[in-house]
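Given below, in the form of structure tokens, are the structures.
Okay, so chain A shows up in both of these, paired with chain B first and chain C after.
== the complex of A and B ==
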């Protein structure tokens, strides 16, 4: 059994984001990086499946990005993946989902993966497109946002969450691509012997072109950091004073009371 | 008639030869017993605990003869010391008899046991026997009449009590009968030098001489057999503590307190970390189990045990002992139980009080290392998330590393950018950097430094968690990542001297980082501020207030800093009332041992017990010197709705009393 897990390295969301020089995306200086949370669910589920199958399964972890993503690939290896593939692409953060999917599909085509796990979306770009695009390009079934997974010898039952906490259960056959949602599992903490092994493991490094990088379908034009809401004003006093204060605020800061307004 | 006596009076022809043969048998049985014990100890890994043998031996001798450690807790400890001293003198007396009869008399024709020396000898031995008898009575009363809680008794305990009683009583009867038949008539003046013997002698004075001699001979043999029996069974029963408990004084660690064994991450062949089976522990860990006499003192002081958690340091040691003595290879962690292993706050109260020099905490850490490094187990999911956050963000809260020095904005602190010329580098720590309550401590600290004319710098976002909570949870790898990153940051900042307000950071930087080649002077703010005050650099104009001081475990027990914080509270106007446990006997707040990162789900909150003690003092201020303690107290006081007691850090107490004139 051959399993592929696609992982992305993202900045920690607690970090401060400022636009980069081009203003199209955020500046990377001073950010700390980690494995995309949803991808950690994907790694964990793949490794659990492998462990339940005994020795006959292999899990390949793939990540696209500059050299820094090697650390995240090693993290996946330390969690139990067998092989690491690094598509060395310094431009990865600028790529649109179509391009990322083209590279993953280019790598996966012909390698006979029975199952592909990805995160439901990335924490930074949040397009939630890469998984389904890969499935489409490979011509295999896909289910997004799974919260439960059960393997039964070639076919599987998965569960996904719908609006309002409703759930639905689906059955499908391999090969398939599943994108993983919070609630699927709790990713393991790597053991030290596995961390040590992952540090020594050799990775397969590929260029974007060699796996079929295509031109973008969309481009990011502008990035703005979170704009904090203006501070609220708390008025105090009796009803009379409050009303007068409200009127004066409406007059000074809005046009609702002016010509063409409600009056 | 001179003051002396005939050695081996009335013991019969050839008795001495038989006695020596029996002595050899007894010693042989003892030696064989210890050989078997040694094979159990050797199931553990090698560890050098015999360096500086002379210093070790001196400590062993001083600890053993003074009975310092056991007598420290007088209840039980004092009668134990009396029993020991009594038997030690009786043993010395017996050896003197041997010396006299088999060396001095045949080879030197010199009678040491005569004249005034013999009189004193008789008196001392009589009183030693009496002392031992009384002590035995008190110990028996404690065990069987008062039934001291926590003191568990087995049938073997009763057997040993009876054996000791029988040895002492038969000794006195043998003496009494001999005196009735000899001294009482021949030399009554001398008889008075054996007051207890005299009492026994008067009981037998009316017997006819034939009966006296027959009874004496029979009881002499009985007494001798009992004494040799005692020697023979030492290694086979709890009496082995005569060698192992005292011997453990010899084997005590010589490293600074709390030093944990290093893990070699360079060794790429290593596949096992921590202790999950008996062979992962050292021989000393197993020897400790033989040194433990289950007195229960550790258990009575263990914050986890006292608040209903499934941890007794004593039982941990006993479990290790029973696994080592069984054929079991693994199952160490299941036997001790995960809940017990994770409940430890590493406060060190157990080791501090242990009369047998047992090292409890290191064993628990080794088992945690196994759980953490070999299985990725945590005391709870929240602790796993905190460790993830430490790894990524450098703090357990998962907050941005970039905002680590936001607290310093507008304060007299420079954030290191390149090198620093500041007098001190303030290692702020995670709590003072991010936790709103502890940020006030950081503010107070830099303000009082400014008032004293001390320039302060911080590493800013180059500072990361010192790694202590992770290390105490067994996550040695994460600790090492943090340590190496901080050491590098100190180097590139060209820091000269570091001060920290956190005892956990302090202990880690000042001790644990040493083995990683870090050698800058590190000080805790309590001693640092105390010096500023005593040197007159900080002038205080204090308000008066009532206070009690809570000792941080890592200051008092680990670093022996007990007086300075108290002097500081007093200098800042505080009138101190001590809690029922204080100083090195203080009770942990519950946050040590990485527990600050984990929820306290078992038993009742440890911090509530400490607040109960603080409230009993009637003080209005609960003074602390540790951000973990302060956080625990703040949370608990809020939860309890307590407004009478206010928890403050030393820096805050001093800062508010600075003379602004």
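== the complex of A and C ==
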């Protein structure tokens, strides 16, 4: 049993983002990096499956990016992945989903992965394209946004989230690619021995060209902040003053406090 | 410009957001056609060609891919447009790969001949342009005003081969029990609340305002509140007179479920948080400090 997990390193979304000089994406100075949240569920699910199979499965964690992504690959190893693959691409953040998928599929082709887990989307680009594009390139079945996964001897049953909290249950056989929705499981905290072990693990480093990087299909420009509500008010200060201001605004702008008191 | 719109059906009925596909086409002044499978009721009213089949083949995405490709083959559109829904985001990359075309996901606006999309969980935006002659697009539900539907399409029956790789085993209906759709005040807890214990601060404010408690997805996933209280495209759509977003950054899926609110008060330590795009008042403060003060101030009015 051969499992691949694709992980992306993204900035903490609480960070303050500033466009880079070309205006195509964010400037990286001062950003704090971590594993894309969706991908943590993918890693956890792959490791749980491996553990349930007792020694006959191996999990490979793959990430694309500059040297800083090694930290995220080691995080996946510390959570229980067996091998790390780093596609060393300093331009990764500006690649479009087509290009990222070309590299992942180029790596996976011919390596006989029975299952590929990815996050449903990245938190920074939110394109939700890469997983399905990889599956289409490899000619394998795929299901997006899974919230449950059960493996039975070469087949699997998954739940897929739809609108309004509705879900559907689907059955399929390996090989397959699954993109993971938030809440699929509870990603583990690595233990200290596993963190130490992951620091010493040797990684496979590959160039983008060696795994078949293709040309982009879309261009990106004018990266900028989402405009705040132009009619909105931003209030700062101590809690008591703020509370008095907000009560006064609610009294004048809404009817929820009612004349003369709370309903 | 010729657009092929991909319709979407739930339980035999066309989903209402399909009218937004026509709204998007109207914004572009495009000639439109539609492809639609599995609709048993009324067909959409518009002037153009409607490629249709009776088959349902729900969740057989390979069938749906072949069906849409069959319509593309006949229609030769400049772009194929989906809703950015669980159907659209799953199907669009399959169609784009078959066409070897650019796919631009989650479009929220038009911008100088390009398409506006959100980045960084909705904090940032950018303009994306296809580099291929034909493109596949998905539009964010709620982003484009609906167009008035009139006319009668020329109906063309087409079909495609089903595929057996993925077996549909049934649907699971959502947990209900809390109806937030009629609440006049909703106070919602987000990840920024910080802990299950602090959800009590949200509950206290909600009680002081005579409202209901809502939640964003991470709070439900963490088990701090029950799933029946989730607001957003994966939960309930709400339109209270007052919506208080406590420690909610405002991911687009959450905003989609609450932007019909009359007045939005947001409490967040991050003044760049995308909730600011819909907030009438953004209080830049820690939920743990501000909420008890606001609850006390409201109670003091009694």
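As a convention for this text, the second predicted complex is superposed on the first by the 230 of 263 C-alpha atoms of A that agree within 3 Å, B and C clash if a C-alpha of one lies under 4 Å from a C-alpha of the other, contacts with A are read in each partner's own complex, and residues count from 1 in each chain.
The rule is short, and it goes like this: a residue touches a chain if its C-beta (ideal position, glycine included) is under 8 Å from a C-beta of that chain, and two chains touch if they have at least 3 such contacts.
Bear in mind that the values here come from a model prediction, so they are computed numbers and not experimental data.
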Partner chain(s) touched by A:30 [first = chain B, second = chain C, both, neither]: first
Which of chain B and chain C A:12 touches, first, second, both or neither: first
Which superposed partner A:48 touches (first chain B, second chain C, both, neither): neither
Partner chain in contact with A:242 - chain B first, chain C second, else both or neither: second
Which of chain B and chain C A:192 touches, first, second, both or neither: first
Comparing the two partners chain B and chain C, which touches a greater set of residues in chain A: C
Which superposed partner A:200 touches (first chain B, second chain C, both, neither): first
Footprint overlap on chain A, comparing chain B with chain C: 14, 16
Contact footprint of chain A on chain B as seen in their complex: 265, 268, 270-273, 372-378, 381, 384, 387-388, 392-394, 398-403, 461, 476-477
List of chain C residues in touch with chain A within their complex: 10, 58-59, 84-86, 89-90, 92-94, 96-98, 101-106, 111, 114, 117-132, 165-175, 184-185, 208-211, 217-218, 220-221, 227, 230, 233-236, 241-242, 249, 252, 262-263, 265, 270-272, 274, 276-285, 289-290, 292-294, 296-299, 301-302
Complex contact set, residues of chain A against chain C: 11, 13-14, 16-17, 24-26, 96-98, 123-129, 132-133, 136-137, 141, 143-145, 157, 159-173, 182-183, 216-229, 231-236, 239-240, 242-244, 246-247, 249-250, 253-257, 261-263
Residue numbers on chain A that touch chain B, as the complex places them: 12, 14-16, 30, 32-34, 186, 188-193, 195-196, 200
